[in-house]
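You will see chain A twice below: alongside chain B first, and alongside chain C after that.
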Partner chain A sequence: MSFIARVYAGLSWLRREVLSQFSGKVAIALLVAIVAVSIYAAATMPSNYNVIWNYPLYWEANPKNSPPEWSTYFGTTCLTNQVYDLRTATPRISVDEEGRVRLTYNMTYTLDVKSYPRALILIVDSMTIPANVRNVRVLNTIVKPDGKQIQVFDDLVDFTKNVTAGSFKFTQTFRPELDKIYNSLLLNYINYNIDPNDVGVNYLSYIFGEITQPDPKSTARTTYLTGRYVISLTLDFRVEGVAQELLLRSIKNAARFEYVVVGTCYGLMGTDYQGRDLAMGLLYGFPIALLIGLGTALMSTGLGLLAGMVSGYYGGFIDEFIQRFIDVLGSIPLLPILILVAAAAQTAFGADPNKPVLMLLTILGVLVLFGWGGLAIVVRSMTLSIKSELYVEAAKSIGASNFRILIKHILPQLVPYIAASLVYSTPNAILTEAGLSVLGIYHGLPTWGGILAEARTQGRVEYWWWIFPPGLLIAITSLTFVLLGLALEKVVEPRLRR
Partner chain B sequence: MGVGTTLARRAVFLAAALVIAVFLTGVILGASGYIDKVLNAIVLEEVRAYRQGLSKLYNLTAAERDRLVAEYEKTLRDYYQLDKPWIYRLVPTVLSTLTLDLGYVQSGGVAEVAGYQLPVRVSTVVLTCLPRTIFMITVAEAITIVIALLVAPFIVYRIGSLIDRVVVAYAAVMNAFPLWWIALVMLFTLGYRWGIAPTRLRAVTASINALFSGNLLALGEVFYYAWLPILTIVVVSLGPWIYSVRAMLIRVVKEDYVTAAVARGLPEKYVLRRYIMRPAASPIVTNVILGLAGTIGGYIITESVFDWPGMGTLYYSAIVNADAPTILALTYIFTLVYVVARFILEVLYIVLDPRVRL
Partner chain C sequence: MSEPKLVVEGLKKYFPIRRGITEALTFKPPRYVKAVDGISFEVFEGDVFCLVGESGCGKTTTGRLIVRLIEATDGRMRYKVSEELKNQIPEDLLQDGKYVDLLGKLPKNVDKALRKDTQIIFQDPYGSLNPRMTLKDILNEPLQVHNIGASESERLEIIHRALSEVKLTPPEEFVDRYPHMLSGGQRQRVAIARAIILNPSLVVADEPVSMLDVSIRAEILQLMLDLKAARNLSYVFITHDLAVANYICNRIAVMYLGKIVEMGITDKVIGNPQHPYTQALVAAVPEPDPKNRLRIKEVPIKGEIPSAANIPSGCRLHPRCPYAMDICSKEEPPMVEVEKDHYVSCWLHTKK
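Coming up: the complex of A and B.
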């Protein structure tokens, strides 16, 4: 039998043994699921994911620290985040004789829970403004269910400075302007005593609320006003001989052109303190976790296998040296040294643009360095006993090389131990990486541990949607390998069988 | 080789491991530039604060102020010995650490963990933090071990029964959950949500100080702060502990002589004590001693989650503040405890297992 066939036979026997047990079945099912999600995540992950994750502007329009939308079934008052993608909307177009092109977007917003939205934002990202567009006036008003009209913002953006040489990319965020809101409140509620300071703090309750003033001397108060709001956004372009089709096309091709009524709940998994979508972080955490776990396990298992076989097969001085080395390594406390190395790496790579990756590699490197001793000892004793078997003697006497004996006769018998070692050490790296992150030695990559770490540094233990899911995912991944190990244990140690 | 030679050989290698661990720590601290960077940052910050303080004194000329600032900076740099290369600074510290001369704490932040102000000896700080770790983590580990040693023999006769399956499943699940995450969740639910447990555990310092000054009633207060961390550690580590003791016992239970003893009709307890526990003693004792020794270093991450001012928090604070004497001293102590435990085990093997003596 060829070497590959023997290893394959060993593996398929192992698979049968594992699958014959309940814990093995559960473990394999979980493993298949985790690998499938990882492959999906790796395939859909944007190439600049790490940059996006750490880029606050990208998440600007999301509510911050918001629970997931389904928390409404558990009694949280939930206002869904409403995003109007204006690139696909059809505006009303009017052109006046002076050449102004006016685009008006009307959006209806239904407020059906007793809550106020958290913010209003218009995001324009990379919209190509054709040459000869002088300026644009961006005007936003909201008509309340009771018919009162509030002006939210009114901005004039001048392009003449930028459009000297052809077209340019227009990127800007528009937010409510307090003076405009206050002025339209004064116009609409003439006999009310509206406190400008309160408008400054709670302007959203004045836009999305009912304003009452029971007593003429007191100040006006706001209460929730559910119903249908009409949000109207006008873009008034001052152009010189530019066709409106060109403008519409550039709007359609913008990277982002959205009006967002920021809610109090977000998506499947909620958001963190920067408004980042936790569902995204958790999903893309899958391949990273597997990579960290399996990569470290493969390296330390490979090292342990090599050291153990060399130590057991050649014996003598090299055996003594490797065994004493393992002894010393085993006596050094791993976690303190690891924390020290990671803290040092954090400072040493401080200015490096690849700091997150370098730091992670350093941490994993230390784990590999300290992680191979156990397997090496087992492999050594196995090798010692196989070495004295008759067929090894026979192979030697017909002139087989040491390398051939190691590969053909010894290695295939070690397959269960190699598999067990891989399985035991995989969750170790994932747990350690997460633990270090939580401690505050955070590399900056969006791993599950990283998400947990930020939940802790923000001191927000009450945000359950931020603490529970990453921890549970770490635990489930680790449980998969623990169960697999449990099944393998009975293969490696037959005395444990019933 | 005689017993004495074997023990002597072990002692030499364990001592070598100890020296290597401390030297390695020193090299990591120095060669990575970590100490220099952090200390330079600290000096910079202190000089800035000093200059700001001086600028409030109007009767100083600019030149005088600059001179004072430069003098202050020099004092600080001398204090931290920043003008010498790291090897000249750290090697003496490493050597004096190895001779148990632990020196003085360098950073105020580290001293604060133990509740002191500079100047204070490292040994004083360590001796203050050690009881706190023992009261929480060692006690929790000891409770876990006692329960595991009581439960495991009970289920070893019932392998495959419902209770055995439950224990194995519990062990597997608890093996998968990181202790510090369960700690976060416990603090969140029992502490913040339900308000049953205290959430500011650092306050335990006062109670432990009171306890040591002779007020035995303070023990109740210590327990008031410690019960949540202890419960957490017991809940998480009990599963794996029972599982490992169970596994050690099963190996013995499967032996023919045990089957023969049971077949002879010997009482279950007698078989357990004489035929099972005795041969399984040395791996179990190994686990117990190494487990207890491991608690002395504190569970660094878990202590940090609970904000428990023990050895783990002290070590982490020393790292954050780049306090070389404290880091080296703690690495030395952690390794020493482990190495001594290993040596005690070597001796115990000889006592427990007559075969080793041959």
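Coming up: the complex of A and C.
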């Protein structure tokens, strides 16, 4: 009890001392913010996050390489991503005597900027199809503001092969079909000279644009057409027997059933080359960064402390062995070793679903292994000087064990130094991880360094939303710990105080 | 006469000198600092046995050897164990039924019990107390190490009693203080309390008053004598100050360069010094007679004490001795009894 009270008193003294300095105040404020965000992120992080991040299908409906939505305030023409969640929408239902169930969804889409959407996509993920459903025809048409109707796709999906026993989970994406679009363009614009190759490349401008042809001999051109579009989606199920209620329920319970008009801007922080939400990557990067920083720092500091104390206190052969081992470690070049280890881990964990996590742990393990030597040397020399203090001899003459002397007399004097070293080596680990990622020693987890590394491999400097935020977060986190270290240093070393 | 509490025979402590690479390559024999080079003495029960000598003569090393802070190179150190301690010691380690060789290999529990029975008070009360611990923690440590006291409150009571015994009263006021809140004398009292709290029977006091203010030396010395009487202690008292030795000791040994040169009852050694070195030490003590204040005293020996790594041959004093003869540089003088309980190691007193 008295021990806890003493630790508490020590901590509150430390807090008071740190807060009495400007750098300490800034550091504590930043640290509280970082820890709060980390706790929030860790609490809301999906359990299979590392799998989701590296699963392209999950991000399919997102625009690729898109700036954040707020970039419109800086003059970018910005078309927001429009997602229609059809699970909650109410379809028009018609059932005919042949057993067809036809669900029709009507969505309105207002295009108010001079831009074309990037893509159209219907995503069906894990929709339970009852056993008596034979097939479904999925039909999508868009009615332009000027009344012209374009067919986007018309697909027939056969379930008879899949539904053998019970029900079946249906997952598929539907995309525009060029021949359907071209055919309906021909039907609607009879006297226009439409180039099929241009439709093939720029079909979205034919769907969401005004088609003009001033001169009968030239080819048709498209311009922006703002206004209200009506998107109509029809699911035509061929059913044996009655299944209307069952179908509606399985639509409601599907993992995803949405129609997306892909915009040119996305979310709070934009997207990367796979359409991944960078806001998510940055948010979940907080706990990972803290884990990397504090974990590596704690382990290498702990190892250095232990080795230094044992080396300094016991001396002799153990001392010589540990010190020479540190010399050897220090003379091994870290970077080639890391590249080799990363390459080896890449093949070793190839099939594991948790490969990114294992890779990261391996890299951190190497960092810890090579990171404790310097501290051990300093702790050893401090231990040597404390060991020869008279009160240590007094404890020995009492009959105190070596362990007791180490814990009660030597460790308390090392603690302030260790705390400062811990705080300083935390940003070191975060920075090293980021640097290694950029160098290509990359584990695949969405760390800030990892996001930066992918920006580099994609090589697009103009994607500022992809480069600046992770860079800034790394810098701010490092700054926090460096400021904290500065404040702690003044507490530990009173001569630095003015 | 009481029995000897501690019998030291041929005690040696050599510290090896780190060899340079040329010395190692040319296979020169390793060199040593011979801090203590074969000394023998006896400490009787109830004794205050003094070791005196100038800096570097090996007296502190001897003290540290007795409480086994360092390992001896050679020699025997037989220690008389009390009746209650005897039960904890296996039969085969006991010599004459009550003596244990402290330098022999001892089982862990015996070693711990013997450490409890021999304690040390250091010279520097500023260094011997951990500045980060309160007096309660400092005095609690020996109790915790030896599992004394069933509960925290019982231990606190023992601590209070020890503090009042060294006249730090009221103890409640002192237990939560840190060493820096105390004066030098008070700190030394705490160090004494730490030494006696385990109820030892032999205490080594390594210059316990030489770093204290002159005004409180006598108080501390008197406290130590009181404790000796109350707790039936024996002291090995190390000092360089003959005045202090004269005040507190009943037996004295004068050391020079790792050897005892003169030994015996204090009054006989100081009142009638036989060895030239002892004579010089006695002559160096300031005289309290104001009439002699202008007279410059002639100190018979000259020069500095030689390095313990490079000891003169024969009698160690011969390069500085005014009475040096031929034999002095060739052979070491044996210890001879010049009168009852008064021994000298000098060729002047050896009958040829």
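One rule holds in what follows: the second predicted complex is superposed on the first by the 444 of 498 C-alpha atoms of A that agree within 3 Å, B and C clash if a C-alpha of one lies under 4 Å from a C-alpha of the other, contacts with A are read in each partner's own complex, and residues count from 1 in each chain.
We adopt the following convention: a contact is a pair of C-beta atoms (placed from the backbone, for glycine too) under 8 Å apart; a residue touches a chain by one contact, two chains touch by 3 or more.
What you see is a predicted model; the values in this text were computed from it and never measured.
Look at A:E393: by the touch rule set out above, it reaches chain C but stays clear of chain B. Once the two complexes are laid over each other on the shared chain, residue contacts for A:L156 go to neither chain B nor chain C.
By the document's definition of touching, neither partner reaches A:L57: not chain B, not chain C. In the superposed model, A:S478 lies in contact with chain B only, and not with chain C. When the two complexes are overlaid on their common chain A, residue A:A5 makes contact with neither chain B nor chain C. When the two complexes are overlaid on their common chain A, residue A:K408 makes contact with chain C while staying clear of chain B. Of the two partner chains placed by superposition, A:L187 touches none, neither chain B nor chain C.
After overlaying the two complexes on the shared chain, residue contacts for A:A33 are found with neither chain B nor chain C.
Counting the residues of chain A touched by each of chain B and chain C gives the higher count for B.
Against chain A, in their complex, chain C makes its touches with residues 64, 67-69, 111-112, 115-116, 119-120, 122, 124, 127-130, 132, 141-142, 145-146, 191, 194, 198. If you check the complex, the residues on chain A that touch chain C are 389-391, 393-401, 404, 408-409, 412-413. For chain B in complex with chain A, the residues that touch the partner chain are 13-14, 16-18, 20-21, 24-25, 28-29, 32-34, 37-38, 159-160, 168, 172-173, 175-178, 180-181, 184-185, 187-188, 192-193, 247, 250-251, 254, 297, 300-301, 304-305, 315-316, 319-320, 327, 330-331, 334-335, 338-339, 342. Residues 23, 324, 327-328, 331-333, 335-337, 339-341, 343-345, 347-348, 350, 427, 431, 434-436, 438-440, 452, 456, 461-462, 464, 467-468, 471, 474-476, 478-479, 482-483, 486, 489, 493, 495-496, 498 of chain A are the ones that touch chain B when the two sit in their complex.
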